[in-house]
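A short worksheet on the structure shown next.
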Amino acid sequence: MPGLDDLYQQLILDHYRRPRHRGTLSEPTIEVDQQNPLCGDELHITVRIVDDQITEIAHAGEGCSISQSSASMMSDAVVGHSVADALAMIEHFRRVMHGEIVADETILGDAIALEGVAKYPVRIKCALLSWMALKDGLINGTPTAQEDQ
Amino acid sequence: MPGLDDLYQQLILDHYRRPRHRGTLSEPTIEVDQQNPLCGDELHITVRIVDDQITEIAHAGEGCSISQSSASMMSDAVVGHSVADALAMIEHFRRVMHGEIVADETILGDAIALEGVAKYPVRIKCALLSWMALKDGLINGTPTAQEDQ
Amino acid sequence: MTHAALINPLRVRQDFSLLAPTEGGARLVYLDSAATSQKPNAVLEAMDDYYRCANANVHRGVYRLAQEATERFEDGRRAVAELVAAPLAGTIFTKNATEAINLVAWAWGLRTLRPNDVVMVTEMEHHSGIVPWQIVAKMTGAEVRFAPITPDGELDHEWIDHTLASAPVRMVSIVHVSNVLGTVNPVADIVARAHAHGALVLVDASQSVPHMPVSFAGIGCDFMAFTGHKMLGPTGIGVLVGRPEILDGMEPFLGGGEMIADVRTDGSDWADLPNKFEAGTPPIAESVGLGAACIYLSSLGLDAVRAHEVHLTTYALDALSEIDGLRIFGPRDPARRGGALSFHLPDLHPHDIAQLVDEDNVCVRAGHHCAKPLMRALGVNATARASTYIYNDTDDIDALVTALHRARAYFAR
Amino acid sequence: MTHAALINPLRVRQDFSLLAPTEGGARLVYLDSAATSQKPNAVLEAMDDYYRCANANVHRGVYRLAQEATERFEDGRRAVAELVAAPLAGTIFTKNATEAINLVAWAWGLRTLRPNDVVMVTEMEHHSGIVPWQIVAKMTGAEVRFAPITPDGELDHEWIDHTLASAPVRMVSIVHVSNVLGTVNPVADIVARAHAHGALVLVDASQSVPHMPVSFAGIGCDFMAFTGHKMLGPTGIGVLVGRPEILDGMEPFLGGGEMIADVRTDGSDWADLPNKFEAGTPPIAESVGLGAACIYLSSLGLDAVRAHEVHLTTYALDALSEIDGLRIFGPRDPARRGGALSFHLPDLHPHDIAQLVDEDNVCVRAGHHCAKPLMRALGVNATARASTYIYNDTDDIDALVTALHRARAYFAR
């Protein structure tokens, strides 16, 4: 399906089939639940922060290939970074999804593979779900009902 | 305006310009106010009934040529008749207006001139206003908010 | 009216521009009519002709154009009332089925419900049959109780009878045909049981009126809601049918033009039915379009429409069952269900299914279908849903099956 | 945007099928645009194209057709928001202006008003700006007070200021341009005064948005309501603009699909703006049509539209004043009024006027124009009303004057 190869890149399918950082941390610093209002998918993110560094992160819950692989790539990207760096990455990713800027691989890592999602407006919410959950968690320590789009 | 000659018959204009039974009876047996919800015109009808006979009737208020002439013709038609006869006339007139039967001049008198109104759905309410007011008065002694159409 | 003729989808498709083959010969396999139907040319032409030849505001205009507009508008109402055997005075236009249910919740419920009164809904309701009651319950202190579903996607009738007998149920608000499970609920039967306990019944007929003969009088319910855009009609119009005796005793809902007999600075009087519940300029062109849709449906024959649905559903249940691991929700007997087929593939999320089969021009819906309590009861977040209508044929089902196989293969690459 | 070009009604009429001359050369003199406007081809074609090429339900569909439908639907919203300088998140589609005002009355008023709170309306409001407040006042114990009009058809601003200063006014609900008198109210000024006393302001812009540049931001009000069918758009759609901060803090109105973030059996969460206030399938094709109408209006230029209205009103005021005994209601200065011209002839009832001039293909409205409190203040039951728009020219006014003379002569026969 050549039309969809841009959306479903091998790297995405790979993260979907073998998600990194899958699970739930015990005694996390931050814990967030986020729902995709479009399809009802639920995501559970746990983060451990030590000295303002994200030392560990895990994601659980069900979702489509895009939301699951995105959670996996996001976790890969932010782990080991400071909270401020993670927030900057999230903002970068959000703007990429909204087609405002071109993705920077040095910032996003594998998540650069999600750039093609920007062309599928309905799926942007799927890709953003985990990033917005983390953002809420980092800022509020609590989830919000909706991603800010 | 040949198209309208059927609606605005000379007899109608005559009753409009020189309404019969215009005014308000003092100490009426029945008194009814009726409004035309289409245009806000208000009609005030007073009736005197003696031994089940309509001995006097009067109509006051503002209205269009159709509603005013109709009130005049209606008053002409029912005066001197029994309540039961008047109700039968009203029902006959109502059915004429709704195109269900052909008008009978022996029943309606001058009001037969209003037969052409049946072709103008919006004006039917105007023609019926006084008749429905009288009907309400005869049945309830009180007005209702709307004519039953 | 019985119609010997069956539906000929090939013939029917000629009336739908969107379903015509493209130059390359591809055509859209539209399997999302439970979300909204496509519109036949007759409906679009009726609306266009209204705007081009008869457009004026209705009800009060003396001039001929306004009379013509009023007649076409009211003809639409008559066609709707005839289609579902509803009293004309109780046939009220709303903007969609959702407003129709809200009208009852706000105009009847808010002024009638008392603390601890019970409104019974079901786990298989569309959100539009749930949220209005939750809002009004919160304001009145009433309670919303959900009739559970059985594992095979039917209502738990024992629970219903037990609750009717033991709780102060004032209203039963229930879907006729589920937009997710396809379940056809025995509404006439439920009405009789609810009435025996003094409860009113609102039937959400959004998924039944387009697809089968439905009689308001026959069901015997107090209110019935449905929506224009799912029954070949335009967006922007829905219908509430109510028993005139009940509507007459109710306070109005929206206030404004058209619904009044008199407005004074110290208060107002209401117009007669149905205008009392139609505030403001009504959906005029939409009534004209919906009227044309009703006539189109009647000319096909609702019995034939339903027979076609059963035929396609039978075929689809068989064809989909062949797919490895595919799970179908709802009743197995095609005679007991409507045309909405929800399913799950173990290795493909509904979103990905919908995205991938779209590549083969197959349109199916993915998500919670505005039925989250049902999703929870089924233990899933979302399903994929294929739903058929008069323009679909077995080729369309085959196309879906092929596309599902291709989607699987693609993801396994 | 300023447009040097004036409106050329002859050119404009080519876009309106209903206004084309018949074979005999006669044409419709449509002077009832205050009731509803005619629709340009561009609007009808946009809707038709939507149904024929992009029809699907919006928001949740993954497949491309549903995305296309969603885009066209949201493009309509964007066009509306741009036209009136409104925040996109606060631009809510309703079924008409009446529902828009009711939304505020029920969602804000019912949950906020307390006994003895005052809602200020005016004697020149349309019923849609009165009855919703009366209904909600009755339920909350609040009071509706009517700002009186002066003999020349302006608002009594002293009364307004005195009441704002002395009574607990929580809401001022006020018409921008009167549909009977034509009066253009100084709404930005009233907003400033009301805000100074802590009252919110809803502006009914049903008769202004179609006819002149209107800026939600510029007026500074909290809510603004208008309606699609009077501004070249279709029936079945209206608009409520609200300040997002206020809308965010409000409980929802209609409940159902689209307006939720989550629905549970024990309660629900609401979606973000504007969806929170748009329950059920929205008026999709109608948004497409209204968007096309906004673009059509912008391309003419609202300044030019307004200049044309002032030009025609000036001409009409002069021409009608020539008629013996004719009484015109509302301000005399064309710069201070809109295009609705209500009048009385001593010897001809409005109903008869409308009937008789229709014989000459002139469409005017007769009645109380959904403004009975105003009729009482003016001391009449009904008026005849001629109202102009972009497709009218001075020939149309001449046709009206000639028809009025003929009507008089006919009745004197």
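We just call them A, B, C and D in the order they show up, numbering each chain from 1.
Assume a residue touches a chain if its C-beta (ideal position, glycine included) is under 8 Å from a C-beta of that chain, and two chains touch if they have at least 3 such contacts.
All values reported here derive from a predicted model rather than from experimental measurement.
S.K.: Indicate the whole-number Å distance between the mean C-alpha point of chain B and the mean C-alpha point of chain C.
M.R.: Result: the chain centres lie 46 Å from each other.
S.K.: Based only on mean CA positions, could you tell me how far chain A sits from chain C in angstrom?
M.R.: Taking the average C-alpha coordinate of chain A and of chain C, the gap between them is 37 Å.
S.K.: Let me have the rounded angstrom distance from the C-alpha centre of chain C over to the C-alpha centre of chain D, please.
M.R.: 31
S.K.: For chain B, give me the residues that contact two or more of the other chains.
M.R.: In chain B, the residues touching two or more other chains are 38, 120, 123.
S.K.: Which residues belonging to chain C are in contact with no fewer than two other chains?
M.R.: In chain C, 60-62, 66, 260, 262, 351, 355, 366-367, 372 touch at least two other chains.
S.K.: Chain contact graph: line, ring, star, complete or other?
M.R.: other
S.K.: Mind giving me all the chain pairs that touch?
M.R.: A-C, A-D, B-C, B-D, C-D
S.K.: Can you check the complex and tell me which residues of chain A touch chain C?
M.R.: By the definition above, chain A touches chain C via 1, 3-4, 7-8, 10, 13, 38-42, 62-66, 68, 120, 123, 126.
S.K.: Going by the contact rule at the top, pick out the chain C residues touching chain B in the complex.
M.R.: Going through chain C, the ones touching chain B are 60-62, 66-67, 70-71, 260-262, 269-272.
S.K.: Which of the residues in chain C come into contact with chain D in the complex?
M.R.: It comes out as residues 17-18, 28, 30, 32, 35-36, 38-39, 44, 47-48, 51-53, 55-57, 60-66, 94-99, 101-102, 105-106, 123, 126-135, 144, 146, 227, 229, 234-238, 251-252, 254-260, 262-265, 267-268, 279-286, 351, 354-355, 357-358, 362-367, 370, 372-373, 376.
S.K.: Considering only the defined contacts, which chain C positions touch chain A in the complex?
M.R.: 349-352, 355-356, 359, 366-368, 372, 375, 381-382, 406, 410-411, 413
S.K.: Could you pull out which chain A residues touch chain D in their complex?
M.R.: Chain A reaches chain D through residues 35, 37-39, 120-123, 145-146.
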